[in-house]
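Listed after this line are the structures, all set down as structure tokens.
Both complexes below contain chain A, partnered by chain B and then by chain C.
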Partner chain A sequence: MKVALRHLVRNRRRTLLTLLAVLIPVYFLVFMFGFANANLRDMFETATRFDTGHAQIRAVPTKATGSAIPLMRDPSDALAALAEVKEIEWWTVRLDLPAMASVGERSRTIYVRGIVPEEVDPVSGLADRIVAGESLATGTGGVVVGEELALLLKLEVGDEIVLLGAHPEAALGAIRAPVVGVYRAPEAALGRTVIYADLSTARQLARSETAATAIVLRVAGVTGPGDQTALDRAVNDLRANLPAGYEVQDWLELVPMVATYMGILTPALLIVGAIFFALGGLVVLNTIYLSVLERTRELGLILALGAARRRVVRMILAEAGAIAVAGAVGGAVTGVGLILVVEAFGGIPLWGAAAQMMREIGMSPVLHLSANFVQVALSTASMTAVAVLAAWWPARRASRLEPMEAMRYVE
Partner chain B sequence: MTGMVRMAWRNLWRHPQRTLLMTGIVAFGSLVILILFGVTDGFVGSMTAAQVAENQGSFQVRTAAYADDPVLENALSPEQLTAAQAALTGMRLAGIAPRLEVGAMLRSAYGTDGVALRGVDPIAEKSVTHPDEMIADGRYLMGSGEILLSSVLAEELDVRIGERIVVVVGGSAGVKSQAFVTVGLFRPTIVEMERVAIAPLDTLRKLTGIEGATTLAVSLPGGTAAGRAVAEARRLLAAHPDIAVADYFDLNPLARVMISGSTIKLIPFVIMISLLAGFGVANTTFYSVLERTREFGVMTAVGMSRKTLAGVVLLESALVGAMGFLVGGGIGYAGLLYLGRDGIDFSSFVRDVGGSLGMPTVIYAATSGWYWVAAFSVVVFTVIAAAWYPARRANQLEPVTAIREG
Partner chain C sequence: MSSSAVMRTEKLQKVYRTGATETPALRGVDLELEEREFTATAGPSGSGKSTLLHLLGGLDRPTDGEIYLDGRAMSGLSKDELARLRLTRIGFVFQAYNLIPVLTVVENTAFVLELQGIPYRERIRRARAILAELRVDKYADQFPNRLSGGEQQRVAVARAVVSDPAIVLADEPTANLDTKTSLDLIDLMRRMNEEHETTFLFATHDTRLLDRVDRVIHLEDGRIARDERVR
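Right after this comes the complex of A and B.
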């Protein structure tokens, strides 16, 4: 080992370049993973807080209902079962109805989302998202519309909107409701299509006093996309308790977009990682090969003095190992360091059209980074492994030298 | 000069293995960059092509107000429609078709779905977006009161060919509904089109009470440059300030961001890969210069200028760069041609994520003759990184010491 280190110091500049070749891939990968992690967390937070919850209890569909969620006539038995599962820390009843919204000559197909404002507000922050007028309160009978929809229908706070309920399993109800507020949705599509109403107002549209389409719930201890096991356990407990006719869907089933994104992100990062690792590996291979070539005479002498061939291999691998470990750890440290620095400044804000696009797909316009220990460790370890593996061929070549010929070797 | 090249070339092949390794590094870098550019560009190209061919046409003519506020009251009046069609007769077009587009609710016996209902002239539309060629089941529109649904909608609503479906729309006369007969199901490749239902223009005009059309979709003959055609259409319609021409980017404002975004994202990749390849080659050159100290000393002693010496070393790495570039470029372009022909199927991803952005499900790589410029950065980096040390070394070389030391 000492011999190996001495060799590295002998040729400082070359060692440094090789070190960088190992450092850069690790650094880049750590940084990319950082982006991906923060992206996923962002998607998770937006989806689970504002839209889906961690999971939902829904009625099992008995026939096609278009894009409408099957109706539960009276979810009180499901609520009773829910109370038995202790991991569930929060729940609320919701009624989503497809409806036609008209204002004067303008009309759009939308969803009316009937909620219990007092239960939903602390989790979704709907009240904080109001940009004009005020938020919903139980029993007031008004509705809150998204900014995008307000623009499309030329609506202002105080205007009246006509809603025509169109749930295929409910009676057709129609109401005239005042717009009490305008909210800014985390995702443009939500703002265009979801009108919030008090649960009892929405029930008037369905002409039923107990109807609901979902019980939205949150599970204790689930804080990010990585807590799937805890979530699965709670969902299974709940399934065991529920009466027939109900099913439980978790957030990944409710927003398949995030599930697909997670599914494609990992392979994409692995491909990028592999490309950089391969290039880094080639550079290490090249360097070690050179240093073996350069020392042909010296290695011949070592072999002639009776060193075991295995020992020569080990010496050269140790050399590569030292570069690899130093480079990979250096890359990991600089990568994580950069992530911490960016986060300390509050992320990278986007502006203009790029910010608009992020909103269109439901993501925050501020790019965040977040390091995950396991990913950093794996990136570091695999780059080290690639580098050492790359050194194997020149090392073997060195050990197969014929001492006499090697000592005679001239450039 | 030829002497220098010959010398550099001979020097390289003194160590074939080493040279091949260096070439491999440069080739790999060039290859990766080429493929990255081809796939990214192809993605954008496929997206545009699918939108134009299936959904929007090459460009659209609308009222100036419709762009900001796409509602029926901003539709082209019958007079404006006639005027626009007359103005565009001077252009060479593949097709021109009026459309009446309106948000509607579809109700089957089982379900409800919100859709974009598109009223089309059944004959004219065939030469713009060819909906007749997308029919997967049933037949194309033939008479009034008929409707085409995407197969996804039909499944959600549990509607079969020949069954009735109720269309609810809001128009100038308030909310109205009418039953349509489902005559055909179409299968689009862009997800956005799955939320579209197609009905005859005249039936929709009666239902909404709007006599004109919301848009006039235009398609161009193959090989026409869209940008020039749009400019010409704007010139022909200049006499009608209330009529506007919307090109692909006006119709898909997010596409511009996506295009610039995807190109910008490639820059760090190109830099990193170039850097890595540069390091690999620099290491080798550095070593080969050290090793030849004595040889260089002799050469200077017999009268070779230091500049020439540095030039030879530089030529060596330039030759390696060129070889690697040729190999990587060759393989890269071959790979792109293959991906351009067979495409990469992204359907599962696009269905959930990209649908709202109008991405197509199969992406074909592009092969532009200009990608080599990006890949060339690897060669440039390589040569610059490799040149720095030898140039300095050659400059400081003292013949006598060099001969003694080496």
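Right after this comes the complex of A and C.
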């Protein structure tokens, strides 16, 4: 409508301010969601690739095992069942044993993680994380320790380490193993506590040829934290196929912290978003109200000439709508634009204490951003709706003016 | 009752209430306006001229009495129906602030046609034609603030007649104009009255304008003191 748009052009300063009031919340929300998306994806990638997989088959605990994962004496029946579930695209057998590591005078409680290196490496990238020495190779009997543990035990590549297995369900085994490499864990706690060994080496510690604690799985079509439905389906198929005595846990059950974080993040962002939207809406309300007040005489004239009240409401909503759409779309475009620019430069690297802290909690020291179309569209649409709703009251007031009184109005 | 009466009032009364005080503005006005009549209503300040025009124009409701437009009583109409009536049957010229500042002269003139839902081309064509008749077509694409007071009032007259209303009501349209411009405006209104056969009723203080009209209704203290046919 011409009158509405001309007023916007005439009052450029105010229009601009209102535009910003609509733009900023959308911009902020798109950016924050972008940050959260990338953050969650980062957590997902780290957890599923390096630690938990998408899901794990474990033995159902028959007695209390403390912090140790219950032992599977021989998981070959589970492996046979697993081969029939077509969604599972990758798996590997793992043996996690609580153990005592001792070097000279020093010792620490740790976990020995027995893996099949050539299966694990392509997924976890453990080989790429080696900072000293070399990576694990099948059948060599060496171990790879985390940077943090190497520091604590004053270990260097080539040193020998004594490991004493302490799984409550396994026989006591002890081995002497050379440290072949040092790795950098994605999370400091892992680096402090997990020593990688070849599966056969770990099995010596448990004094069993076939023991395992988990079959780690990856499910086809699961690429991010948003693919929970596909994951659930695969997990259910698997459960239906598995013999008794096994259970399946997905990554969110295995790292409940991430689940908690996810559970908090979205509502927190929505609350912050709602506050921003409300503030944006108030600014729109204020602007439109002022604009109505300023134009009382003109609105009086329009009503006197016989304009329907509906028409006046529509005219003012059109004015608010134009600002709202322009502002919200502008916010989305600049928000997504900033995300793309940041990503084009490879993210925001953190340094110093902040980088250290991110590592402590197992997150990448480079902040990434990723835009999600649905979130951007929803943010844009909600802000537009809030702005138009905020204009409703002044619009209604304007349409209820008494024409002659309004025409006498002097500002 | 003449069959050609456009507008007729019966015992029209208006009392303004502000708080506890009551101001009687009209105390029983019986009036008939014939089709094509060019009528002025004169009277001292506070005599009720504006009140009468507002009531006739459906901008306010009488305290008592009835108004008939085209033979139909106005008291039964809802607010929205009254607005519709103003839009289609009545043209208005006010003393000042007649035009919407953000619309050009031709858009202002076409505004009531737009409200009536007449298509763009058609309404602009009609608006330009009327502006030409009122000799303000050269300002058609300017904004109102570029025009003099007299020119603005002519645009207001254009806007009032462009939709072919039953009656044009003008409340002191010349109050802010000098004598010559006032006389010009009245002459142009007169021309519109003759060429478009539109009924006009305008209120004025200015006795010099009165020898150009068909009929003068003198109001005093909310009553018709004299109703004279000049021609």
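Some notes on this structure:
Quick note on the criterion: the second predicted complex is superposed on the first by the 411 of 411 C-alpha atoms of A that agree within 3 Å, B and C clash if a C-alpha of one lies under 4 Å from a C-alpha of the other, contacts with A are read in each partner's own complex, and residues count from 1 in each chain.
Criterion: contacts are C-beta pairs under 8 Å (C-beta built on N, C-alpha and C of every residue); 3 or more make two chains touch, one makes a residue touch a chain.
Here the structure is a predicted model, which is why all the values come from computation and not from measurement.
Partners chain B and chain C, once the complexes are superposed on chain A, both fit on it without clashing.
Of the two partner chains, chain C is the only one touched by A:309; chain B is not.
Using the contact criterion defined above for the overlaid structures, shared-chain residue A:261 touches chain B, although it does not reach chain C.
Looking at the shared chain after the overlay, A:233 reaches neither chain B nor chain C.
In the overlay built on the shared chain, the residue A:287 is in contact with chain B alone; chain C does not reach it. Between the Cα centres of chain B and chain C, as seen from that of chain A, there is an angle of 90°, stated in steps of 10.
Set against each other, chain B and chain C touch different numbers of residues in chain A, with B touching more. Legend: residue contacts after superposition of the two complexes on their common chain; A:17 is shown touching chain B, with no touch to chain C.
Of the two partner chains placed by the overlay, only chain B lies in contact with A:63; chain C stays clear of it.
Note on the superposed arrangement: chain B and chain C approach each other to a least C-alpha distance of 9 Å. No residue of chain A lies in contact with both chain B in one complex and chain C in the other.
Contacts from chain C toward chain A in the complex involve residues 54, 57, 59-60, 79-80, 83-88, 90, 92, 94, 97-98, 100-103, 107, 111-112, 115. Residues 13-14, 17-18, 20-21, 24-25, 28, 63-68, 98, 100, 102, 105-110, 152, 154, 164, 166-168, 189, 193, 256-257, 259-261, 263-264, 272, 275-276, 278-280, 282-283, 285-287, 289-290, 293-294, 353-354, 356-357, 360-361, 411 of chain A are the ones touching chain B in the complex. Across the complex, chain B meets chain A through its residues 15, 17-18, 21-22, 24-25, 28-29, 32, 69, 71-73, 103-108, 110-115, 155-158, 168-172, 174-175, 253-254, 256-258, 261, 268-269, 272-273, 275-277, 279-280, 282-284, 286-287, 291-292, 348-349, 351-353, 356-357, 389.
Of all residues in chain A, only 2-3, 6-7, 10, 297-298, 301-309, 311, 403-404, 407 touch chain C in the complex they form.
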